[in-house]
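So, here come the structures, one by one.
Here come two complexes built around chain A, the first alongside chain B, the second alongside chain C.
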Partner chain A sequence: MSFASARSRDRGFRVLVVVGLILFVVWSAAPILWLIVSSLMQQQALIVQPPDFSLGNFTLENFTEVIVSAAALGRGILNSFIVALFSTAVALVIGAPAAYALARLAVPRANALAFLVLATQMLPGIAIAIPLFLVISRLGLIDNVLALGLVYLSFNLPIVIWILRGFFLAIPEGIEKAAAVDGAGVVGTFLHIVLPISIPPLGAAAVFAFVEAWNEFFFALILTRQDAQTVPLVIAQFAGQYQTLFGQMMAAAAISIAPVIALAIIFRNQIVRGFADGMMKG
Partner chain B sequence: MSQIELRHVDKSFGAVGVCHDINLTVEEGEFVTLLGSSGCGKTTTLNMVAGLEDPSKGDILIGGRRVNDLSPVQRDVAMVFQNYALYPHMTVAENLGFTLKMRKMAKPQIAERVAAVAASLELTPLLERLPSALSGGQQQRVAIGRALVREPRVFLFDEPFSNLDASLRVKMRAEVKQLHQQLGVTTLFVTHDQEEAMSISDRIAVLNRGKVEQFGTPEEIYSRPATRYVARFIGNPQIDLVPGELEPGADGAVLRLAGVALTLPDFVPPPGAGPAVEVGVRPEHVRLTEAGIPAKVQLVQPVGAATHVVLGWEGGDLIASVPGFVHLSVGAAIHFEIDPRHVLVFDAQSGDRLM
Partner chain C sequence: MSSTSFERRRRRAGLLFVAPAAIVLLAILAYPIVESFILSTQSVRLVAGGVTKEWNSFANYIRLAGDETFRRAVVNTMIFSFGEVALVVSIGLAVALLLNHPLGRWGFFRIMLVVPWAIAPVANAVLWKWILNSNYGILNGLLKSLGLIEYYQVWLARPWSAFGFLLLIDVWKSVPFIALLLLAGLQRVPQSLYKAAYMDGAGRWQAFRHVTLPTMRSALAIAVVLQTIWSLRVFEIIFVLTRGGPADATVLMNFLAYRVTFNFLDIGYGAAIANIIFALTFLLAITYVWLMQPRKRRISS
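Showing the complex of A and B:
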């Protein structure tokens, strides 16, 4: 094979990759784009078939309506922040050492244990909904933000443990052996060596856990009434019994995804920097 | 007191035996090298001394005290790892100072020690860099510096020069040997490079598949190898080995090699030995002569200080190492002699040296 044909094959491959990426972006961005467009349109223009996209039908009314009329949205966002932050932060604080122990310490049957941790995630939500509801309501914690946070913590912890354990297993053991010879005990090695080089996976696990909690609908629905309602529930309320206010619903949704997107961007930078710091070489 | 002693040490990973009955003593202040081919258990042995692996059987003593149950910190060893194992998120200065920080030394003293070690290893301009921004040779010097920054009871080196280019390797060898002469710290060094082992060690332990094949000074290992394996492993060019037969003679024994009879005076073969043997001769003991055993020149390889001449002979191919340059044409008829005083005789079956 000549260099020229190798290069043209290379180019063909690049084109394929780019086309694939474009398709992927369209696939994931189209719903969001549609959400933003429809949040900016008047109800009448939106529900005719086909939607009337003439410029006169665009408006910021939906946003002002939502912000002014629905104090519920503000409270929902606050509640979502509390449960997502709590369940993410605590899952990392507990999950990282647990994952390290399962990856490196002489834990008997570590593999089986790790699998058991993951297995808790395989139960369909509906199967634990009723017992969970009973427990929470007997404790008198229905419609309590922290109770919802604890429930989310129980969902996030196994995921965080599983993600981080996989990463810890992949750290070359030589680095930890060097730390042992240098005089760092298990805790010292974990704090000074393992955690700092694990910023990228910690960030990934954090984003994953946060978004899971932020978007969760089903358990929020059965465990809250009003005060502890999270964003997805508030948005759902725009679907009324007689009429669905699509524009306002989309505006509320647009507002609710903004923090998640912002978070993802912030963490993306951190993850990239973490990798650039030379995880791989050295 | 920092003598290292391994007593009947076995190590297996699951069902796979890696080290078998290793007995080894590194005297106080001595420089001992574990030499062996890849996968023979050198790193595993070193890890057991450091406390990074537990022996399956046997005892490890440092300074006369059994340390099997002590952690690496308690053993007070410093180690240079085969793959460097630098901390990727720390600068060179932080890498060097980490062990002192873990030992709760005050910051100004740490800075002082780090600066001194960096200067001696020519790392001063690199102190603020991350390992990923260093060349292989620079990373290796940081790995060595990390061990030198404190004064441990024992130094352990695991193939510290394997990734360096030839000239840097020779330079680092000399530096480490000099350093050892200055500090006199008991050292266990690992390499698969026989020349490196010869040039740096007080004594060498040749490992073969997890067994110590021979433990002795470089001279003993080279001139009186205990087994055929050791004879083959040591020396460049490799020792010449040809099959032969051993017969009792009038006084001593007679060695028959493809029609040539060598008398070995005063040599009485042990009972049960031979008659099939393998005969080893170092290439520098094969002399090209006017008259002698006839052979043909097959290949001429000048290496500067010597020329290696490959001889085709009915007993097998031999390499002769001749000082300086010789001018021989390939295919030319030639004669050679073997000095019986330098002949090594190995049992063809067991490979043990008979003479």
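Showing the complex of A and C:
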């Protein structure tokens, strides 16, 4: 095979890759772009065919309308923040020591326990939803933000433990031995030596847990009625009630996803490394 | 004897460290799993603010066997899961290969990957409800102006069309994560293997076929199992877009369990359906754990 033909074949392959990448961007971005564009357009401009994209039809009205008229959205966002922050923070506080113990502290059957923890993350919600619903209603805690937060804690704990355990396993043992020689106890070593070098994976775990809790719908549907409704529930109701006000519906959706999209973009590299790796390492 | 006391101290601390997490997981997950199994063997009635339960042997499970709707849901779930796994893993692999190519390393592409991942399933469903709207939706407008359809279609009114769109929407949402997973796998394929293959005169396709695919085998298997597990949980898009209709064409097992329990209040029967899903997931989870073990350990065991 001549050098020239190999080069032209190479160029052909590069063209193929570029076309593929363009297709990938269109496929990923088109629906999101349409969400943003239609949230910024006036209703009359949206319901003519084809939509009238002239500059004068773009407005922030949908956003102001939806914020002013829908108290539920504000409450939903507040509830989502409370539930997501609570379940993430507590998951980190009790998950980090557990992950450390499973990775380093000679807990009997640590590997089996770690896999059991991972398996709980795969549990289909419906398998525990019915008894949880019965217990929580008996306790009078339906529509209670903290009850929902506790349920989310049980999903976030496995995520946190699994991501952090992978990281702790990779810490060189010498660090802990040296600390022990210097007279540091296990707790002291963990708090003053291990945790400070674990900020990046802690961040990745936190982002993951927060996004999961923020987006969760099924348990919010079953365990809340009104006061404790989180943002996904509010959005689903909007789609039922305001279903002809397309611009406002999209504005509400855009507001609801903005915080997690921002987190995902800021922490994209940690997400890529922390989680994708964690799902494949034993 | 300082080393033994060192070990002993570490073991004691270990149990202390694990305890809070273990208690939370046992209370919120383990108890409901057991209770869910018990409920499935009972006939449960809601009466004036309370619940009465009565052992009815395995009547709920026996009822499943003759239930036409359940059979429909099982078939739907099988088609949905199979279609979703095939599409998500092949598109995910294509995306991972693209992003692993030197031209695909631009940070912007990673943003395009994490954004659909982070979007709430509900927001995704609501967005597609608008895209698919029969009077004003952009899909009808687009297809008509391209001359592909003559009249505006009510996409969610016909069984196969509704089913197909639910599948497409969920595939769109699921591809990024699997692509990330496979990308991590690709980056672990040793470059020396490619060099050796090219030196032996292998072409691109041969290198893919004989180097990439074999080393990616366990990553691909993990992707298949995980995506199967996740496909059994699909809920939001059905809830927002079709509620199982038209004519139960989009009722998957998970949605059926929800509907039977929380709409029809047939709690024992709902628990039986939920337990079938649990059993399926459990088997898949075991497969996943087995796949994650390093190859050597797997062969010796």
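Going forward, the second predicted complex is superposed on the first by the 213 of 282 C-alpha atoms of A that agree within 3 Å, B and C clash if a C-alpha of one lies under 4 Å from a C-alpha of the other, contacts with A are read in each partner's own complex, and residues count from 1 in each chain.
By our rule, a residue touches a chain if its C-beta (ideal position, glycine included) is under 8 Å from a C-beta of that chain, and two chains touch if they have at least 3 such contacts.
A quick note: this is a predicted structure, and the numbers were derived from the prediction, not measured.
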Quiz item: Between chain B (first) and chain C (second), which does A:G185 come into contact with in this model arrangement: first, second, both, or neither?
Solution: both
Quiz item: Touching A:P172 in the superposition: chain B (first), chain C (second), both, neither?
Solution: first
Exercise. Mind working out whether A:R11 is in touch with chain B, chain C, both or neither, as first, second, both or neither?
Key: neither
Quiz item: Between chain B (first) and chain C (second), which, if any, makes contact with A:I197: first, second, both or neither?
Solution: first
Practice problem: Could you look at A:A101 and tell me whether it touches chain B, chain C, both or neither (first, second, both, neither)? | Solution: second
Quiz prompt | Broader residue contact with chain A after superposition on the shared chain, chain B or chain C | solution = C
Exercise. Across the two complexes, find the residues of chain A that touch chain B and also touch chain C.
Key: 180, 185, 277, 279-282
Exercise. Could you pull out which chain A residues touch chain C in their complex?
Key: 13-14, 17-18, 20-21, 24-25, 27-29, 31-32, 34-35, 38, 46-47, 49-51, 94-95, 97-98, 100-102, 104-107, 113, 115, 117-120, 122-135, 150-151, 153-154, 157-158, 161, 180, 185-187, 190, 211, 214-215, 217-218, 221-222, 231-233, 235-236, 238-239, 243, 246, 249-250, 253, 256-257, 260-261, 263-265, 268-269, 271-273, 275-277, 279-282
Quiz item: For chain B, which residues count as touching chain A in their complex?
Solution: 47, 50-52, 71-73, 77-79, 81-89, 98-99, 102-103, 130-134, 139, 146
Exercise. Using the touch definition up top, name the residues of chain C that touch chain A in the complex.
Key: 6-7, 9-11, 13-15, 17-18, 20-22, 24-25, 28-29, 31-33, 35-36, 39, 51, 94-95, 98, 101, 103-104, 107, 109-131, 133, 135-136, 138, 141, 144-145, 172, 176, 180-181, 183-185, 204, 218-219, 222, 226, 229, 232-233, 235-236, 239-240, 254, 257-258, 261-262, 267, 270-271, 273-275, 277-278, 281-282, 284-286, 288-289, 292-294
Quiz prompt | Contact footprint of chain B on chain A as seen in their complex | solution = 172, 174-175, 177-185, 188, 192-193, 196-197, 277-282
